[in-house]
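Both complexes shown next keep chain A, but they swap its partner, so chain B is in the first and chain C is in the second.
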Partner chain A sequence: MMFYIHKAACISPQQTFGDIDIEQLHLSVDNKLYAIEPKYPHFNGNALRRMSKSTRMGSGAALPLLADEAKPDGIIIGTQVSGMEENGKFLNQIIEYNEDMLTPGSFVQGTPNTISSQIALINNNKNYNLTHVHRGLAFENAVIDAAMLINENPGHTYLLGGVDEISANNYTLDTLGGWFKKEACQNDELYNSTTNGSLSGEGATMFTVSGSKTGALAKLTAITTIHSTDTVIVRERIKSFISQNLPNGEKIDLLLSGENGDARTLPFYLACETLLDNQVPVARFKHMCGEYPTASSFALWLASNFLGNGLNVPQHMLKKQGDFNGVKNILIYNTHKMGQHSCVLVSLVE
Partner chain B sequence: METAELKEKLKVQIIQFLNLTDLTPADIKDDEPLFGDGLGLDSIDSLELIVLLKREYGINIQDPKEGRKVLVDVNTMAEYIKANGQK
Partner chain C sequence: MNRIVVTGMGVISAIGHSVQENHAALVSGKTGIIKGGGNFPSRYAGLLPFGEVLINTDELKIKLNVTQPGVTRTTLLALHAFNEAIADAGLTVDELSAHDTALVGATTVGGMCLTDELYANTHGDTENIEYVKSFDYASVNLFIQNRYNITGVVNTMNTACSSSANAIMYGCRLIKTGLASRVIVGGADSLAKFTVNGFNALRILSDEACTPFDQNRKGLNLGEGAAFLVLEKESDAAGKKIYAQVSGYGNANDAYHPSSLSPEGDGPYLAMKSALDSAGLKPADIDFINAHGTGTENNDEVESRAMLNLFGTLPNFASTKGFTGHTLGAASAIEAVYSVLNIDRQELYPNLNFSQPIADIGLQPVLDHRPAAITHVMSNSFGFGGNCTSLVFSKP
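Entry: the complex of A and B
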């Protein structure tokens, strides 16, 4: 056992915050899936207008989890780009004003650790505070960090999150790099696309996690990260992961696949699917949240809610209907830009 | 530049520099206090406004007492720019 997930909150391009409704698919705009942001009534005006979007979303998703809890023993965030839009503004100011008369706002909001710092300030929390920025495995490394801390301190509770935002510069660069589609594509047609690239997305997902089983939504049983561009190696690693971590006599009951409409990454997802029995349902989530480095945190939010909150898997997610009797173990497989892969096994709390 | 035109330009710049995205220039009155009960700006905003005056009008405010007299409302800022602006 690694840890138990007790609470989960998510601000995403779908209706995942407040009154949750994932049956109705919110559509992409210009190949991007922008997060549906709440009004953030808990932030005062001055604080809100100085926050980058990622800080706003991250803090906004964290606040409901912190409202009724004692202060967490640590805040652990995974983000690749964080406030990249503000970072870009600051870098442009350096050039425009010849390194003179720079103001702190964009600099402060453009650094990755602003999210965990802002949450700590709101929560008056002086405990462990760390931000992982390992590109497409940033969230996974935050999960591993939390798991190691809980292993040492089973009674501790941690706030764990994954956050990234769409930034204009990164979108342009990644589109030029072929990671986002150059032709118009809407998210409800994403998986019919046969070209390279996906749709750009963003979101903030927060969890409270601990070693305590009582009242937990789900159990994060195991996680692994894989660095390879070889489908054979990745398939073997996923196979080992499943055999090593699935309890005897149990099976994967649902695969949450990070398939993203990119022709280049499809072989990895198909390789994963072929490891499972034919009757195992396969659900995809990237048409809901888009592609971003910490999108696996959105999948973990889905898995936690499927297992612990009675949330149903909507039809638009299903690639393969399979046999849906009693979901107990969910496998999340995701790859970011093909070189970074992760497997997460999430289980029912019994 | 006429004073009225300068005030309008200044309001646009204040909104842009301070990221007051929920306001339009028409929402800011010429004599509305920038700090406290008016626009509700704070000390970080005063730094941004001083940088605005330097970048856009070549005005260098170094004496905090002088800054307090200038950064009262749009009228006082516009008057100061008219008298001291270098650009």
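Entry: the complex of A and C
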């Protein structure tokens, strides 16, 4: 199952929204990569204040994609725990006021389907609307949802997105869980780190996708999800994914690797690299967006822009140099917390 | 056409710990909504009525042989229902771990049932560190996946009160598009300080047992529970008990307000309409509607108007929220089991606590248990964020 990506917008810790410039790397602050948010001139002040950060970023990234088109036939969002900051506020109210005299605003804004429903409100869109929350595969499951819908209705267009935010709550929880570095580490040094944990990141990436090839940025040729903590099994699954989905006579021309500076996840990324020819360049993206459960949506934005928008792969991304002439097939491989993995094959529209 | 059929079911709710116990309570009209069950820590535990599952978390762990740390009540309820469903469908260990078996579950509370522990954790206190891995929604299905080595598609969705209806819909679509041959679909939620205070702050919790579709309704009661259904292609189900067919589903958004439905009920109307369309049925084909019917001012009136707009003359309808309370992410799955029972047993169950129709609407739900010829049942679920989903189940 496949679809075409027509538009893409991304609010991330790098200059990806509006005038795109990813050559210059924006640096992390206190081991976190915060999104560079626009001013959101299209939202009124009260609405903006009420929105959680993820809803703000998600709606903000969706807006340019909704501007000059017919309403999408559905809105499909992947997020692990968007609204966690709002949940945290409500959690604090519950404990601090001993369950009395609470205001519901944070409770309502803290539910993860607020992003898709807020976009539906802005777009007055009564069509299909779904929120996937399956942790590190939340965005991938949203992609599979969109692929199934397009398979059923090739003429339809869907808004597809991946959103997560850094909140005090999830940052503390994932630090306790050992997923973020405890020592100071800047993102331009991330891959030199030999310790466990990564840097925390966030972002909102939105796509319009359909079965129509005309004018598309890129083609999402195939996707698979893998559940395993065994590098041998994961390597075999990536291998069969490539052989099953790569057209005859073609090769992977670029690997977008989710390597994140965590010593525990490195063996998976290295295992993936060994499947490719020596000449294939390898580019990494987590030093740009940080680690978050829907970071693969950031990688899909990069791949779409490399293939269809003339964006060059900046030097700071390259782990292994190679030939970028005639790049046709990009493999995105990512793992979140080692148990959840995904492969996405993104191809040039010919 | 290869139809999608229900070959197994499992449910745990305030009215019973199995399909059989739930059925017995539905037949006898015995509610599970009580004050003071005492299994979740909240100042409202003894003050407001809830649909509690009357088995405490430690007992559940022992019963289910769960010894790992960090397993939440939501997960235990899910596992309880999941175990019953797969045993009912006779799924083997090999079938469970086959690449074409999918698990799609829903929850709105997930690990957030541990409100106090989470609070301590998020403030950097490491005492309850075993729960830092299970605070999110996905933790429920990831636990089940690991326990049964499920290798196919695994997904979690959260669209508030319609979550598990979407899980059922999604499972059907995985089968239709060939991404899975069999799916285990459902949802789970446990009572939590988090949701109790959220709904209380919205002032939609009733201090008495809820009275769906009644003129004098005062709000909803929260409940907890879980349900899973095993769905297979009819061609793969030879020799198995087939309870019902999943014949239609529709998903729409009300696009009106974050926490209430539009007066016209566009979202509910469109969800019901597209479920009928996908089943290839006319409104008059529906024999019974398991309504969302939460007992809130807003939902019951809007749902009534939307049903009237679509059906003209309504078929029999009832809400089962008076038995279980509103179990949020589990509600649609639990009610899917009840809808399937309507078909399998050819009978209707009562809408409890009803005495007076809503003024200007005048609709009266089913008030008693009685036999009935049932071919097609619609089940409605409408959630915050305007997320509305309707399902249609049919006689196999």
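To be clear about the criterion, the second predicted complex is superposed on the first by the 349 of 350 C-alpha atoms of A that agree within 3 Å, B and C clash if a C-alpha of one lies under 4 Å from a C-alpha of the other, contacts with A are read in each partner's own complex, and residues count from 1 in each chain.
Just so we're on the same page, a residue touches a chain if its C-beta (ideal position, glycine included) is under 8 Å from a C-beta of that chain, and two chains touch if they have at least 3 such contacts.
What you see is a predicted model; the values in this text were computed from it and never measured.
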Have a look at chain B and chain C on chain A after the superposition and call it: clash or fit. fit
In this superposition, the partner of chain A with more touched residues, chain B or chain C, is C
Regarding the shared-chain residue A:208, is it in contact with chain B (first), chain C (second), both, or neither? neither
For A:103, decide between first (touching chain B), second (touching chain C), both and neither. both
Determine, under the contact definition given at the top, whether A:134 touches first (chain B), second (chain C), both, or neither. second
By the touch definition at the top of the document, which applies to A:193: first (chain B), second (chain C), both, or neither? neither
A:49 in the overlay: touching chain B, chain C, both, or neither? Say first, second, both or neither. first
Classify the contacts of A:225 with the two partner chains as first (chain B alone), second (chain C alone), both, or neither. second
Using C-alpha centres only, what angle sits at chain A with arms pointing to chain B and chain C? Round to the nearest 10 degrees. 70
Does the superposition put A:31 against chain B (first), chain C (second), both, or neither? neither
Shortest span in Å between Cα atoms of chain B and of chain C, once chain A is used as the common reference: 10
The shared contact residues of chain A with chain B and chain C are 103-104
What residues of chain B sit close enough to touch chain A in their complex? 18-22, 40-42, 44-45, 47-48, 51, 54-55
Going by the contact rule set out above, which residues of chain C touch chain A in the complex? 42-44, 108, 112, 115-116, 118-119, 121-124, 126, 129, 132-133, 135-139, 141-142, 145, 150-151, 153-160, 166, 170, 173-174, 176-177, 179, 193-194, 196-198, 200-202, 251-259, 266-267, 270, 383-387
Touch list for chain A against partner chain B, complex: 45-46, 49-50, 97, 101, 103-105
In the complex, the residues of chain A that touch chain C are 1, 75, 80-81, 87-88, 90-95, 98-100, 102-104, 107-109, 111-114, 116-118, 120-121, 123-135, 137-138, 141, 144-145, 148, 151-152, 168-170, 172-174, 176-177, 225, 227, 339
